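Shared between the two complexes below is chain A, which has chain B as its partner in the first and chain C in the second.
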Partner chain A sequence: MIGYLLRRIGHGLFLLLGVSLLVFLLMQAAPGDFFSTATLSERMSQETVHALRAQYGLDQPLPVRYVRWLTSALHGEFGYSFSYNMPASALLLPRARNTLLLTVPSLLISWLIAVPLGVFAAWRRVGWIDRLYSGGTSALLGMHDLLLALLALMLALHTGVFPTGGMSSFSASGTLLTDWKDLLWHMALPVSVLVAGSVAPILRHVRSSMIEVLDSRYIRAAEGHGLGPLTVLFRHALPAAANPLISLFGLSTALLLGGSLLVEVVMSWPGLGPMVLEAILGRDMFLVVGAVMLSTVFLICGNFLADLLLYVFDPRIRLDA
Partner chain B sequence: MKNRGKLTVTAGVLVAVHLLAVIAGFIAPYNYETQDREHPYARPARIHLTDCEGKFHLRPFVYATSPRDGTVNDYQEDCSRPEPITLFISGENYLLAGLVPTNLHLFGLRAEGRVYLLGTDGFGRDEFSRILYGAQISLFAGLLAAALALSLGMLVGTVAGAFGGWVDESAMRLAEIFIAVPWFYLLLAVRSVLPLHVSPLSAFIMVVAVIGLLNWGQPARLVRGVVLSGRERNFIQAAEGFGAKRLYLLKRHLLPMSFSVALTQMAVLVPRFILAEVLLSFLGLGIGEPFPSWGNMMAAAQQYYVLSSYWWMILPALAPIPVFLAYHALADVLQEKLQSTI
Partner chain C sequence: MPGPLPVSDVLLRTQRLSLEYTGADGSTISALRDVTLELQPHETVGILGESGSGKSSLSHAILRLLPPNGKIISGKIEYSGEDILALSRRELRQVRGAGIALIAQEPALALNPVLTIERQIIDVLRAHRRVSKQEAMEQTRAMLREVGFTDPERIGRAYPHQLSGGQRQRAAIAQALICNPRVLIADEPLSSLDAVTQAEILELLEKLKRDLHLSMIFITHNSGVLSSLADRVAVMREGEIQACGTLEQLARGTDEYVRALMFPEKNIPTRSSSIASLAASTSAEPLLRLDRVSKHFLQRRFLSRNVFQVQALKNIDLQIAEGASVAIIGRSGSGKTTLARCVAGFERPDEGQILFSGSRSNDRSEIQLIFQDAGSALNPRFTAAEAIREPLDIARRLSFPQRQERALQLMEEAGLDSAWAGRKVGEFSGGQRQRIAIARALAAEPRMLILDESLSGLDLPLQAQILRLLMDLQARHGLTYLHITHDLNFLPFFADQVVVMDQGTIVETGTPATLLESPQPVTKSLVAASERLHVAGMEVAL
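Now for the complex of A and B:
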């Protein structure tokens, strides 16, 4: 158990290091930096720009800069934001929390919807239920997050029932309960958009891997022994079908993180997305690097969770480990 | 048999859509940059068969519109100026398929007025024409990026699978790193180091290159798997026994074996990459004005007043749906075929 976990953690750390190197190299390949536009300004002398570059360590050779950035990341600072003039982490962490506030509930809800529905669709795999199901998932697959987000925004604008963006209202302040209610009210639309965008592929996978299991003989035997459909489906078939689904769990985190970035921008949710966009337009490179690293950390956590679940659910993994 | 029918239908739809994009200039009544400053945010035109007096006409027509007094961007129909819609009419000059200069359009109005099937944007540009021209950019950006990602993935995958050892190990580790970053974040990060203000053509090349170069990991893994299992096949081992060189094996046997996997992967990747281009352009990091892409056309819809008053500005978001559906169906059919051959 411990060996297996350690190996997965080590692998995650290796990936993080690799990603950091990749992104850092990429940023260095960029022509110019945050102070490039300043050199064009008449009000700033070359010496001032040089001094600024030296102050932020931009005049150092690449390996030095990378090691410096790495130590700063290990101290939890992720470099320095030029435009905000403060450690990048102080900006990124609250934003990252807000992003998680969208992605984690969306992840849970879409799986909670997809698993029972997919199992049901696999059980009733002929007839009108199946046709309804395949029509529905195809339609959802054809939609994309951008369309869904714009539609949700339109809904909010026309009905006025939901807020059109942001995370909290001005009026809501005071007791913990009203604050939470206000937050949930603001989360409703972005989370629904994310769920609608991610539920269809999960559903399809659940159905197809369940069908594979339901065709096997021991399920027939279980049915023949008079076990009820619920027991057969959830006690015997689902665990056997779980392996590919759990791997999909990690993948769905990746898709949700990407989708969330867009939804945050469209629905002005103060998550990582709008900040990344702003940092890109302002060439604030450490913010970009930091956001990419944080999103990678989330993804790796998702995959790690999947590995853990796999260990719990799949005895074959336990034997290997 | 059922499978084959499905394949024909989906392939037919895809070919038709791409053809439509190629001959966009002919289908579209106006050029993508033609502005009508008299009609910003005009509603989709009402096509009439009966006129104001209730008389029926065989030829569909529209009424000329003029701004309604006391309103902003609202127009009223003028019952005294019917303008019949004419097929195969000569209008603005354009290059058919980018090659043949002509001025023939599928439909249009003979008179001065203009017909806006899907309304106009804030500059009075015809949304219908722009969606068609936008298809040229969005569809082919996705297609080219997928081709790039696949060729790169196939190259890395076959080499890794065929050579094994440290080559395989390092290639797959690298692929893992590329896969480990949420794709949209990586896309934006790479986009951030490239210049922001560039000419539309280099923006297009840049978008294609960035999307293609970042996504070689998944196809490389799949192709490597095929090559690895292929190396265990008897006929390949026999060829090896007869003294076939590695390069020969790669070219003659292993690469062709991975084609069907690559094709299936292509059907999966293209819609994803079309979406990537759309999103980049939507965020203002892709193809810029005045060239239309499905993404940058929707950028205006981000503003609340546009979204609440001019619902047709969201229509470009619907354009990818049939394309996505067709590609998904194609991927499903190819996947089934693949599984039945193994």
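Now for the complex of A and C:
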């Protein structure tokens, strides 16, 4: 087990190294750099631009820059942002935390809603409940995140109950409790939008996976032994249907950092998404590389989490044939 | 058939029960028609019938376990005076498992793969009785001991996939009986088990019936297993009870259908001597020759680097003459299928060599394999003609009209109406699908056919029909057959040489006749089990 963990971590580090190299090469292939616009500016002399490039090390060949970046990564800085004049990690980490404040609750809430609803929809798969279910999920699937976010903003504007954007009020700065309440109040709308956008596909997966299991002989046998519907659905059928859902859960954690970009932009949430978008447009190279690395870490961890969950939940994997 | 009994004496009764299924297109299919059946306390009633005769529908109808498209349209079901059809869901759940218990077909599919055995048994117990965890565990272990496990703690903690087929069936029986039901419905409880395990399970059911004073409905297509168990037998056909009585009464009857079910071997001609002599005359160089063939598989546990070696075949020597019909018999896991796969070229042996008509080449297109379940071996979306034509289409030696012509010809040869060529494989019945598989195998113009449990999924009368077809084809084309089988049904009819395998080795080679007198323990246990099961056609060898 320990050996397996170490091997997985080794694979992960190797993957990170490969991804960083790839991003470096791609950024190199794109024309221009952060100071390209400055070259066109009349107020800045060519000498100054050259001096700036030299100061930030951009005049060095690619291998040297890559090795320098690696050293700074080992020091926990992950390069330097040109536009903010700060180490990339110091910029990215608080932003990533803000994004996770939105995406982690919305992921958990989506699953908490989708699993029982999906189980119920699978159980009652004919009649009006089914029609309600398929109509509802189709409507949600058809609606773009952007539209949902705009609808939420309209709601905020017309009712005045919720804030229209941002993460905190100017007025709120007092005890820890009021700060938290203020934060939750600001989170409510963006999280709801994210949940509405992600709940339908999960619901569909839960339902179809459950239907397959409910049709199986062992569920019919369990009913034949006189087990009640709750025991049959949640103790016998759901664990047997969990396998593909766990893989889906693992994959969805990979979206934790990037999935909320549009909502962050529209609802002016100070998350990672808007900053990275800006960094890409402005050729703020190390910020981009750092963000990609963070996403890769989440992807690796998500897959690892899914494997561990499968290992815990599925005895066929745990104990081998 | 005894006259109607006073109501109080009848434990379970269905009265003029009729059941219909609604198809996807809205059409209705009648599954049961006016079925009247009575079960007295401590009585065992056998229900004998082909697949599709409605016997499983009857067992599910009694517990109202029908799929959403199944509907009871008339009749009554009474269990100790209560009308089952009038019960509320809650009352019905009390009858299920505690009053009437069901052992479903295929224990591999009837147990939940992700829950431990004890958890599945305890859940049934706690659905019916208010017991503490401690008590539930104790009762579960006692039940597991009752069904023949000597180490109930270990079995209880195991998951279904860690158990063998026979162990799974025992666990399923323990699950069914944990709440002391009065009636046990056993729906084909012996299917997909090897002969020795079948005999063991049959013995267990007889013991439990005595010890727990059970009344039993035993559903099967194999009349042999009923002879020691059933007090009365009801023969079902197309949703109706065709005949009813003791086995002796039924055996004396003249009904064609009943006789085909009870004496399926009557449908097979005895092997003509010309084939046997052909096999003898070409004995100079065998068609297939295995020299010291060994094969092992490596297994690895998840999250572990330890590798286990499983020895599937150990130093197998075997020679098969052209035109011969050889049967390899043995229990599940004895290496029979691995041997067949090596011969067919799907696996390469680790050691030793396999010579087919003198050549070591791995191209074995002259050997064709026919699998147990034609339903999963053939693409259900192909039409019959497409499925049969495919080997010809791949070879591309003939023009399309010629290939189509040949496919139709092969259908006729396999006993299928060539007018059905356009029907999808999925629309055929199990026996017909096996005929399509045979026609497809013949399309490649093989010299040898390997029949890997090709008959064991079929009812005995159907098995007899297919065997008859196979023997016909053998006489016409001079084919060589290698049968792989875990039961001894009809063995003396088709095999002139029998190879007994156990744990990857050949323990004995002989003829069906010498086998019956063999002192070899593995062979003896197989023969004893087959006698216990009253396997069809055994007496011919004597």
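Some observations on this one:
Operating definition for what follows: the second predicted complex is superposed on the first by the 300 of 321 C-alpha atoms of A that agree within 3 Å, B and C clash if a C-alpha of one lies under 4 Å from a C-alpha of the other, contacts with A are read in each partner's own complex, and residues count from 1 in each chain.
The working rule: a residue touches a chain if its C-beta (ideal position, glycine included) is under 8 Å from a C-beta of that chain, and two chains touch if they have at least 3 such contacts.
In this text the structure is predicted, and so the values were computed from the model without any measurement.
Aligning the two structures on chain A places chain B and chain C side by side, free of any clash. In the superposition on chain A, no contact is made by A:245 with either chain B or chain C. In the superposed model, A:73 lies in contact with neither chain B nor chain C.
Once the two complexes are overlaid on the shared chain, A:27 sits against chain B while remaining clear of chain C. Put simply, more of the residues of chain A are touched by B, taking chain B and chain C as the two choices. Contacts of A:236 after superposition: chain C is touched, whereas chain B is not reached.
In the superposed model, A:221 makes contact with chain C only, not with chain B. Of the two partner chains, chain C is the only one touched by A:3; chain B is not. Contacts of A:101 after superposition on the shared chain: neither chain B nor chain C is touched. With both structures placed on the common chain, the touch criterion links A:315 to chain C but leaves chain B unconnected. In the superposition on chain A, contact is made by A:281 with chain B only, not with chain C. Aligning both complexes on chain A leaves chain B and chain C separated at their closest CA atoms by 5 Å.
Comparing the two complexes, no residue of chain A contacts chain B in one case and chain C in the other. Interface of chain A with chain B (complex): residues 14-16, 18-19, 22-23, 26-27, 29-31, 138, 141-144, 146-147, 150-151, 153-154, 157-158, 164, 254, 257-259, 261-262, 265-266, 276-277, 279-281, 283, 285, 288-289, 291-292, 295-296, 298-300.
Residues of chain B touching chain A in their complex: 173-174, 176-178, 180-186, 188-196, 275, 278-279, 282-283, 285, 295, 298, 301-302, 304, 307-308, 311, 314, 317-318, 320-322, 324-325, 328-329. The part of chain A that touches chain C in the complex is made up of residues 1, 3-4, 126, 216-228, 231, 235-236, 239-240, 242, 311, 313-321.
Note for the complex: chain C touches chain A at residues 63, 65, 68, 93-98, 101-102, 104-106, 109-116, 120, 123-124, 127-128, 159, 161-162, 172, 175-176, 179, 299-305.
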